[in-house]
Structure formats: structure tokens, C-alpha cells
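What follows is a set of structures for review.
Okay, so subunit A shows up in both of these, paired with subunit B first and subunit C after.
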Partner chain A sequence: MQHIETVTVGSGGAASITFSAIPADYTDLVIKLSLRTTTADTGWNDIFLRPNSATTNLTARALYGTGSAAASFSVSDIRFYANGGGSTASTFANSAIYIPNYASSSAKSVSIDSVSENNSTTAIQAILAGLWNQTTAITSLEIVSSSGNLAEFSSASLYGVLAGSDGIVAVS
Partner chain B sequence: MVTPTYIPLGTITLASTDSEIVFSSIPATYRDLILVFQGGNTGAAANIYQKLNSDATTSNYSSVQMTGTGSSTLSSSPSGGATWTVTFYGYLEQNLNANVIVQLQDYSATDKHKTYLSRSNSASNGLSAIAGRWANTAAVTSISWTVSSGEFRIGSTFSLFGVA
Partner chain C sequence: MTNEVVTKLVVDLSKPEGHPERVQSIPLTEEELAQREADRIAAEAAEAERLQAEADLAALKASAKAKLISGVPLTEAEAGVLVI
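Coming up: the complex of A and B.
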């Protein structure tokens, strides 16, 4: 896994983080995120993942728990979570996203693990399955806040994973 | 200097359907293994079954799993099987849209049973997280995957990585 780019939000916040001109040099992509918004919400806010700026042909299913209940839903986007700006000070949600075969000519499937943190009060822990049903290679990834801006010190790091052979392991 | 992780060990993209994929001769060089799959199958919505070192001993495989279908949640703890199921509503279908990521911890240790974590994802069926145990202290030298219905579909990809 090789580091491609890290973006850290500066003073004043930002509506989104964008990784652009992603090369087709790898097999899979990994994104690690630490996010908080500027809203007054004391819980969490939805964050959207948009391959190539897409807002259509997106679907996802999720399983989540809030500390007191578990539930599942399906949506027509690919989402995960950030701490709301009204949650415990200095806390950020963290998320890990895995996108296999991002440059292939198949539809792009996405695996997401996302948790918020709120000092033992209500928070969300979620796993999500996403799909961008397009055969175009992913060359950019937008991370967009559904409410307010991404707060200062929010960060996202993009990594590339290259599959291959070590010459020892046999595959049949 | 940054230490690389996810060392590529083996990969295959199916040019024809296949009923079983086996990674063998896995060296004991790494701490953990990660297996990444994207693809589908040729039959009805299907699960993937995983076996280590060709061990088909009944009761050696147990797990705890949770799933979301998009409208409901489920959890169970299957045991007594001769394989692991690494999908649970993260079913394969007749497309290439499912992905599964499996982590095997301390796979080469000979003083502990082996554990795995699996995340399976199907945006049209559901998703799961599974924790499993192989009641055997042998080092893992091979991993095999089969599918519960039909065969793995053309274009399915399987990639094995080592983590130092």
C-alpha cells in the first residue's frame, strides 16, 4: 500500500475534499478519514463519497448501531459519517474505505467502516456496502459534507494497493 | 523511509468460470494475510466458503456474524462446520458487484488458533461483518474458496496480500 496524497482541512473549513487525477497505477484504493463538520449537531452528519463527481448510479446498504439500537437501511448514494460540530470538542469520526479494481471496466464496489466518537454519549458505528454502477475508471473522489463544512483539521489520506505475485504463492 | 504494507503475494482474474480458487505455498514471512475479492457467481445468490490447509474437519470452524439487509438486522454464531462462510447476506450474484475483504491474523503462528475478520459487501443484497476461529494451531499455508451455487464468474478477481 503506497501513500498517494493527504489533504488536511485548513482554517475556516471546506465544503469538500477532492482527490483528483488519480492514476490508474494501482489495483485498489484505500482512503482513511478523520472528519468533523462545522454544524451545531451534537451527533453526526452524513458525508457523501462521489466517484468522478457522480451523483447518480450510486447505491448503498448499511448496518449501524448507535449504542442503544441497531438498524439497516438502503440509500441512493454512498455515505459515511463525520462528527457533528456540536459533539464533544476535539473529537473526530474515523472511517476506512476500500475500493477494489477502481480502474477496471466493471462497476465499482465499495467497502466502508465508519465510526463517530462522542465521549460515551450517542455515536454511530456503521459498516456500509456501496456501488457506483458505472464502468468508467475512477479518476477522482469527492468527499462532500451533507451539512455545513468539513471542520478545520479534518483529514483524508489516499493510498494505492497494487496486487501481484511474489513468485512463491501459487494460485489455481 | 515508509515501510510498504499489503505486500502482493498472488492474484488471479478469472478468464473462465471456476468452482474453487486456492492460494497455496503461502510462506510464513508475514504477520497477517489479507484476501480481497471482487466478483460474482454463475448460479443463484451465493455465499463464499473458506477452508484453511484443506482442513475439512467438522467443528474446527466457528464464527460470529452480523448483517444488514437494507431493512433488517441479523446476527448468529454458526459452529460445527467444515468450512467458514465469509459472506452473510453480502451475497454473490450474476454480476461482478460484490466485494469481500478477509483478514487472517497471525496466520503462521503455531501456538494459537487462527482467527479471521471478514467484511462482505453487496449493495443490492446486504453486507456483513464476521469474526471466525479455526481450532487448529498449524501455520496456514493454503486458503481455498468455493461458492455455494454455480461457479465463480468470469472477471472475478482474487488478490492475496501479506502484512508485515
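Coming up: the complex of A and C.
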């Protein structure tokens, strides 16, 4: 897995983080995120992942637990989570996103593991399977806050994964 | 009174590392601001729907449990949350 770029939100926050002009040099992409919003919410806020700025042809299914319940849902977007700005101070949600064959001419699948952090019972842990039903290569990825801004010190790191000579096994 | 300028952080990977335009903070366009408002409304609706579904499921489970204890027949929905 090769590090491509890490970006950290500065003072004042940002509505979104976009990695644009993603080179087609890799087999898969990985994004690691540490996110918090500027809302007053004490739990979490939804964050949308938008390949090539798409807001359509997106679906996802999720399994999640909140400390008080465990359930599932289906949505017509690809989402994960950030700590709300009212959660325990200086804590951030952690998420990992895996996008195999992002430059292929097939529909794109997305796997997400996302957890918020909070010094209370109000937190979420979720695994999500997403689909962008488009055959164009992914050349940009937007990480968009659904409420408020992404708070200062939120960060996103993009990595590329190369397949081995057999075309299957990831080697770096 | 000043209007808040909402910005997005854009990493242009076509620019080499260290290039001043590789990472930029850019104000949202009118279209992006409209999408942001739509996102906020949709997220609030989705969260309300999720909370309602969670409450409905908890109520169904409580009802099923109470009926089991008292020997009262369960509805199909109540049986459905107990038998997988």
C-alpha cells in the first residue's frame, strides 16, 4: 500500500475534502479518515462518499450498533460517520474505505468500516457495503459532511494498492 | 453582518508535492451550496427514520417478550423478531 497524500483540515473547517485527478496507476484505493464536524450534535454525523462527484446511481447497505441497539439499513448514497462537534472534546471518528478496481470499466464496489468515538454510550460502529453503479473510472473522491463543516484537525489519507503479477494478490 | 464563506479542501493530485496548487481551499459554488442544503435536509430525515425504525423494533420485541411470558399468542410480526 503506497501513501499518495494526507490532508488535514485547517482552522475554520471545510465542507468537504476532495482528492481529484487520482492517477490510474494502482489496482485498488484505500482511504483512512479521522473526522469530526462543527455541529452541536453529541453523537455522530453522516459523511457522504461521492466518486466523481456523483449523487446518483449510489446504494449502500449497512450493519450498525449504537450502544443501545443493533440494526441495518439501506440507502441511496454511500455514507459513513464523523464525530459530532458536541461529542467528547478532541475525539474523532475513525473510518477505513476500500475501493477495489477503481479504474475498471465495471461498476465500483466500496467497503467501509466506520466508528465514532465518545466518552458516553452514544456512539456508532458500522460496516457498510456500497455500490456506484457506473462503469467510468474513478478519478476523484469527495468526502462531504452532511451537517456543518469538517472540523479543524480532521484528516484524510489516500493510499494506492498494487496487485501482484497474478493480478489478484496485493503486493504493495 | 458578514456572510460565512463555506469552503472545500481540494487535493489536485496532478500537481506535484509541494506545488502551491496541490492543496487548495476553495469557496463552494451556488450549486454546491444548494447540494449542501439538500444533504443536510436528507440527513436529518434519514436520522429521524432510523430512530423511528429503532423504536418500532424495540417496541415489537418488548411486546413479543411480554406475550411470551404471559402465554398470549404472538402476532406474525412479533414472532418474526424472535425467530430468525
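FYI, the second predicted complex is superposed on the first by the 164 of 172 C-alpha atoms of A that agree within 3 Å, B and C clash if a C-alpha of one lies under 4 Å from a C-alpha of the other, contacts with A are read in each partner's own complex, and residues count from 1 in each chain.
In this text, contacts are C-beta pairs under 8 Å (C-beta built on N, C-alpha and C of every residue); 3 or more make two chains touch, one makes a residue touch a chain.
Note that the coordinates shown come from a computational prediction; the quantities given were computed from them, not determined experimentally.
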item	value
Subunit B versus subunit C as contact partner of A:Gly67, first or second or both or neither	neither
First (subunit B), second (subunit C), both or neither touched by A:Tyr98	first
First (subunit B), second (subunit C), both or neither touched by A:Leu128	first
First (subunit B), second (subunit C), both or neither touched by A:Gln2	first
More subunit A residues in contact - subunit B or subunit C	B
Contacts of A:Thr55 with subunit B and subunit C, given as first, second, both or neither	second
Doubly contacted residues of subunit A, that is, touched by subunit B and again by subunit C	71, 73
Of all residues in subunit A, those that touch subunit B in their complex	1-3, 27-28, 59-64, 70-74, 98, 100-101, 106-107, 109-111, 113, 127-131, 133, 161-166, 168-172
Sites on subunit B touched by subunit A in the complex	2, 4-12, 21-27, 36-38, 66-73, 90, 95-99, 101, 119-129, 155, 157-162
For the subunit C and subunit A complex, residues of the former touching the latter	6-15, 17, 22-23, 25, 28, 32, 35-36, 39-40, 42-44, 46-47, 50, 53-54, 57-58
Touch list for subunit A against partner subunit C, complex	4-5, 7, 9-10, 12, 14-23, 45-46, 48, 55, 66, 69, 71, 73, 75, 144, 146-147, 149-150, 158
